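Below you'll find a set of structures to go through.
You will see two complexes here that share chain A, one where it goes with chain B and one where it goes with chain C.
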Partner chain A sequence: MNKKAFYVPVLTITFIAIIVPVLLMVLWSFVQRWPWPLLLPEDYSMRTIRELLFGSANAFHLIVSSVSLSMTVALLGTVIGTLTARASEFYTFRGKSLIRFASLLPLIVPGTVLAMGLQIVFIRLHLTDTVAGVILIHLVSSLPYCITIMTDATRALGPQLEEQAIILGANSFKAFWLASFPNMIPAFLASLNMGFIISYSQYFTTLIIGGGRVKTIAMVLFPYIQSGDRPLMSAYSSFFIFSGLFVFMILELLIKKLSKETISNETEC
Partner chain B sequence: MKKTLKIVFTLLMIFVMIFTMAACGSDEPAADNEFDLSAAEWSEIVEAARGTTVTFYGWGGDENRNSWLNSTVADYVKDNYDITLEVVGMNIDEILAKLSGEKQAGSESGSIDMIWINGENFYSAKANGLLYGPFTAQLPNMEKYIDLDDPETLNDFCMPVEGYEAPYARAQMIMLYDSAKVTDVPANAQEFLEFCKANPGKVTYPALPDFTGSAFVRNLVYELCGWEQFQTMAADKETVRAAIQPAIEYLKELNPYLWNEGKTFPDSSTTVNSMFADGELLFHMSYGPFSAASGIADGSYADTVKTFVFDNGTIGNTNYMAIAFNSPNKAGAMVVIDAILSAEIQLTQYATLKELPVVDNSKLSAEELASFNAVEIGQGVLTQEELLAHRLPEMPAALVPIIEEIWLEEVVGK
Partner chain C sequence: MRNNKFMPLILLLPFIFVTALIIMAAAVVIMQSLGWIPAFGLTELSLQYYAEILTDSDFLSSLSVSLRVSIISTVISAVLGVAICAAIVAGGKGKFPFIVRFPILVPHAVVAVFAINILSQTGHIARAAYALGLIADYSQFTPLLYTESFLGVIVAYVWKEAPFVAFFVYALMVSISSSLGEAAQNLGASPLRSFFAVTLPLSMPAIANASFIIFVFAFAGYELPMLLGSTLPKALPITAFLEFTSPDLLNRPYAMATNGVLLMFAVFAAVLYLISIQYAVKRTGGKNE
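Coming up: the complex of A and B.
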């Protein structure tokens, strides 16, 4: 099949379904009034930007706390995901398939039910209204994705490279670090991204466990969406999307640089 | 290998169990070393609250209210009582879910101090022991500024308040129209029907159980069935069904002339608000009595938008502030609530948020009254006197969900 005949419609649909609404949302952030049937807004204003930056919610503080919380979740999720993947791929033990299945359970149980049930446990453990509690509950939601991604990557790579390294005299950590890790960087990136985005977009679990004390962008955004103030919710949503994208870009750059360095290190050795 | 794993696993399980149990046991009871709050003098309460932090949980979707709380109110309590006010935006459903979770877990010291609440939510929270009280009798500003015999001070949706919540602001149902497009506004339910017939597809109301849609339907019920009988009506579905039958017939007759021929209704009052702002609808209703002024001021409404009410009046209610049963700082919460009841704060709420104040005008000093009267409320609104002259009481909270149910069964799409 002609490649162009395939790509052009796909790209067009992507553009209409994803890019146009986002652009529209950015435009709506500056709208003051847009009555039907005008094609373009009647009036523009900077009100929402003022409220976003200098309003009751401190945008800068929000983005720092939100991103660092979600990054922590993504890192922890990826580490746990990698360890789980290695355990279930390289070792045999009783209840292995059960553990594999259990790792997907948070996807099957609705998040709301999970949060409501865990709330009582968390209260007893004095984890409610704390950042640690929120990180834990976000981990529960992110882990199925991290584990699945890392399991696939671990399976695809197999234990052979590490075995080779061990035969050549490396200890097991060094074998992982030098043989598997550089090869799995794309998977780490995927897992980090997934963990980040899942945590970044959590609302209900943050609300129930964080009790409104742990503030993330999603937490502040949600009431505005319900309030029906379209310019303000567009401004917050754009802020949410672009801050997430920004983190993705930084991650991608970092990982690219890292993989280049490890590869060049390897050749030097 | 297998054996070690088993031992490790067992040890881990034991550890987790001990950890959980220890955590349960360490729930220390609420600070008993504090004095008995319900018997304390006001000066002692103010002293105990000095230097503390108070959290105020409530709906956070109104940017104007958020910044008013975070600046005006927070500064006021900081300067006068050295209290730090922390405002947390959260829907009342989630606040109550959080509190009942804490109640279930036996937590004696939570994180919520003050709650913004009213109506059915107050009724269920009080019935389930999620609120602290009674406390309002100890607040000096209750006596100083509030009409203690006002039915809205005594009852919330006909449910006795019994000192478990203090008034915060007053709301009243009003209707909006654009005077550039509409000249004659309906003065009662019959004229409203004529209005819809003359403008087919240009009028609708939010689907129940939306707060505003529900109040609008109750208002039509009052118009057609009278309001007095509902004040003491038993919360029995068949009784209510029989009582509101004329209104149900009326709503069914109305349906074909509504937006989308009444087959569907917009999901919320915010959607209706957007449709009205866009000019898709000619008629809008709101629980914010001065919402025309704020809409015109922020530019979302045309300058020609105006407010009206039915001649027989519209439903008004009060929203309140309560204290959570496990509030870690009940004394602080009482001081902040008392501060919000003061004429000074109520005046700023009236002026900046355009909410009806809860203070009793006859208790205000001449100076205070003059500053209330001097407030420029903005364009397109009715005056406070006009509103209060057309104010009808809410019906008992327990009837509200019954009417919503009957509406879903018999009106929508019929």
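Coming up: the complex of A and C.
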């Protein structure tokens, strides 16, 4: 069988199936009237953009608070992921195999169990309806990914570089900071990226723990979808995706740039 | 390997804290599902709530809807995801295309917007069918959204999860295909045979892992069945949510028993996954660990 006869059509169909819904969403954002059965809109308007910028939920404010909340989750996830990876990769201790299992718990425990269970736990801790509570439950959902990424990176790098630094007189924090950290920047960024995306997409956990008080873009979008106003829900969705994508792309570009630098540093050595 | 008693404990403290939160959440859900809610004056442990919901016809139809949606969407996503992954590997660009990673970044609520624009009775597929003369009016277009068939929910999950499977399996498949797959072809196997006899079975651990993750996600997912599913029967996470937020506090144990059932099925899926991994490892001589 000709390989090309397989992968060209499969990839073409996949690309079309992924891109077309996105293009239609962007088009719908500017629609004034698009009655059945027309294939193209009858009339365009900027109504949705006005609503987005000056409407009940201020888009600029929303984006700043959503992005900073998710970035906080990503940073915490990456730091905890790094610490956990170092413990499980560089030390021997009893019960080590439990760590891997425990780190995958959020993938096994259904999101509804996690959210409703934690809501009750958080009432006692006065964390319900607070940003801190929402950050904490997003962190729980992001950690399996951050830990996996940081564990792979820690294992790939190994302890040798740090051990040499320690032999040369560095303390263990300095050894990490000077020897391992620069080499792990691409992994840090990949972990930040994953943590950000998971947190940015959360709806149900934010609803239960935030109790409607903590507003993220997902929280504001949901009622618009239920209202059935297609131009408005499409505009909010475009705004949601492209703002997330923007942060994602910046991190990806940094990863590419820094990976290249790390590689060229290694070849220089 | 360093042998220090306290350092790993210090490094693990935040992780242990988060893990403790998860265990507490699950424990609270299970205790409340057994009727232990001292704050509401319920202090008698019993299986009564499970017995009641498991004999309730509304609950059982919700359970069957949730199972049907998650199983069908997982199977379709796994098959399509593996096909997409194989195509990317066969294309041999040495890099996973960004476009195929894109759906992983799209939140479920936004996927629901895509589905409403495209799959509804006045959506783009119905319009295309009308333009082609296949239907005379939108009422003739089979409803896909808000129906008991949950077809729109399934399509939406597949759109998001098939690329996830492809992405998840890619690293393993590309390494097997370039080593053992190539070897099989050098020994005279056709590309097709090499794929089905070597690359696919050796990629099974990653495929099973990805399938498990998306199954639990679809089974316990709230957004898509809420936005695209029927009003009756409702998917399980929605009934759990409605009972949880009900002003009648005595509904709480029922919400938690529903969560308990969700948890049991997720654990069952995890066990199935572990068994399938062991089977795959045994069958392929343990070379793919």
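By definition in this document, the second predicted complex is superposed on the first by the 231 of 269 C-alpha atoms of A that agree within 3 Å, B and C clash if a C-alpha of one lies under 4 Å from a C-alpha of the other, contacts with A are read in each partner's own complex, and residues count from 1 in each chain.
FYI, a contact is a pair of C-beta atoms (placed from the backbone, for glycine too) under 8 Å apart; a residue touches a chain by one contact, two chains touch by 3 or more.
Only a predicted model underlies this, so the values are computations on that prediction, with no experimental measurement involved.
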item: Combined model on chain A where chain B meets chain C, clash or fit; value: clash
item: Winner by number of chain A residues touched, once chain B and chain C are compared; value: C
item: Contacts of A:Phe93 with chain B and chain C, given as first, second, both or neither; value: both
item: Which superposed partner A:Gly169 touches (first chain B, second chain C, both, neither); value: neither
item: Touched partner set for A:Leu143, first chain B, second chain C, both or neither; value: second
item: Touching partner for A:Gly211 - first (chain B), second (chain C), both, neither; value: first
item: Partner chain in contact with A:Ser227 - chain B first, chain C second, else both or neither; value: first
item: First, second, both or neither for A:Arg33, with chain B first and chain C second; value: first
item: Contacts of A:Ile120 with chain B and chain C, given as first, second, both or neither; value: both
item: First (chain B), second (chain C), both or neither touched by A:Phe15; value: second
item: Contacts on chain A seen with chain B and repeated with chain C across the two complexes; value: 36, 93, 116, 120-121, 208, 226, 228, 230
item: Residues of chain B that touch chain A when the two form their complex; value: 2, 5, 19-20, 23-24, 26-27, 55, 57, 59-63, 66-67, 69-70, 87-91, 94, 97-98, 101-102, 104-105, 107, 111-112, 268-271, 273-274, 277-280, 298-300, 302
item: In the complex with chain A, residue positions of chain C that touch it; value: 1-5, 7-9, 11-12, 14-15, 18-19, 21-29, 32, 83-84, 86-88, 90-91, 97, 99-100, 102-110, 112-114, 116-118, 122, 124, 126-128, 130-131, 138, 159, 163, 190-192, 212-213, 216-217, 219-223, 227, 237, 240-241, 244, 255-256, 259, 262-263, 266-267, 270
item: In the complex, chain A residues that touch chain C; value: 1, 3, 6-7, 10-11, 14-15, 17-19, 21-22, 24-25, 28, 36-39, 79-80, 83-84, 86-88, 90-93, 99, 102-103, 105-114, 116-118, 120-121, 136, 139-140, 143, 147, 159, 172, 197, 200-201, 203-204, 208, 218, 221-222, 225-226, 228, 230, 233-234, 237, 240-241, 244-245, 248
item: Residues of chain A defined as touching chain B within the complex; value: 32-36, 43, 45, 47, 51, 55-57, 93-94, 116, 119-121, 123-126, 128-129, 207-208, 211-213, 219-220, 223-224, 226-230, 232
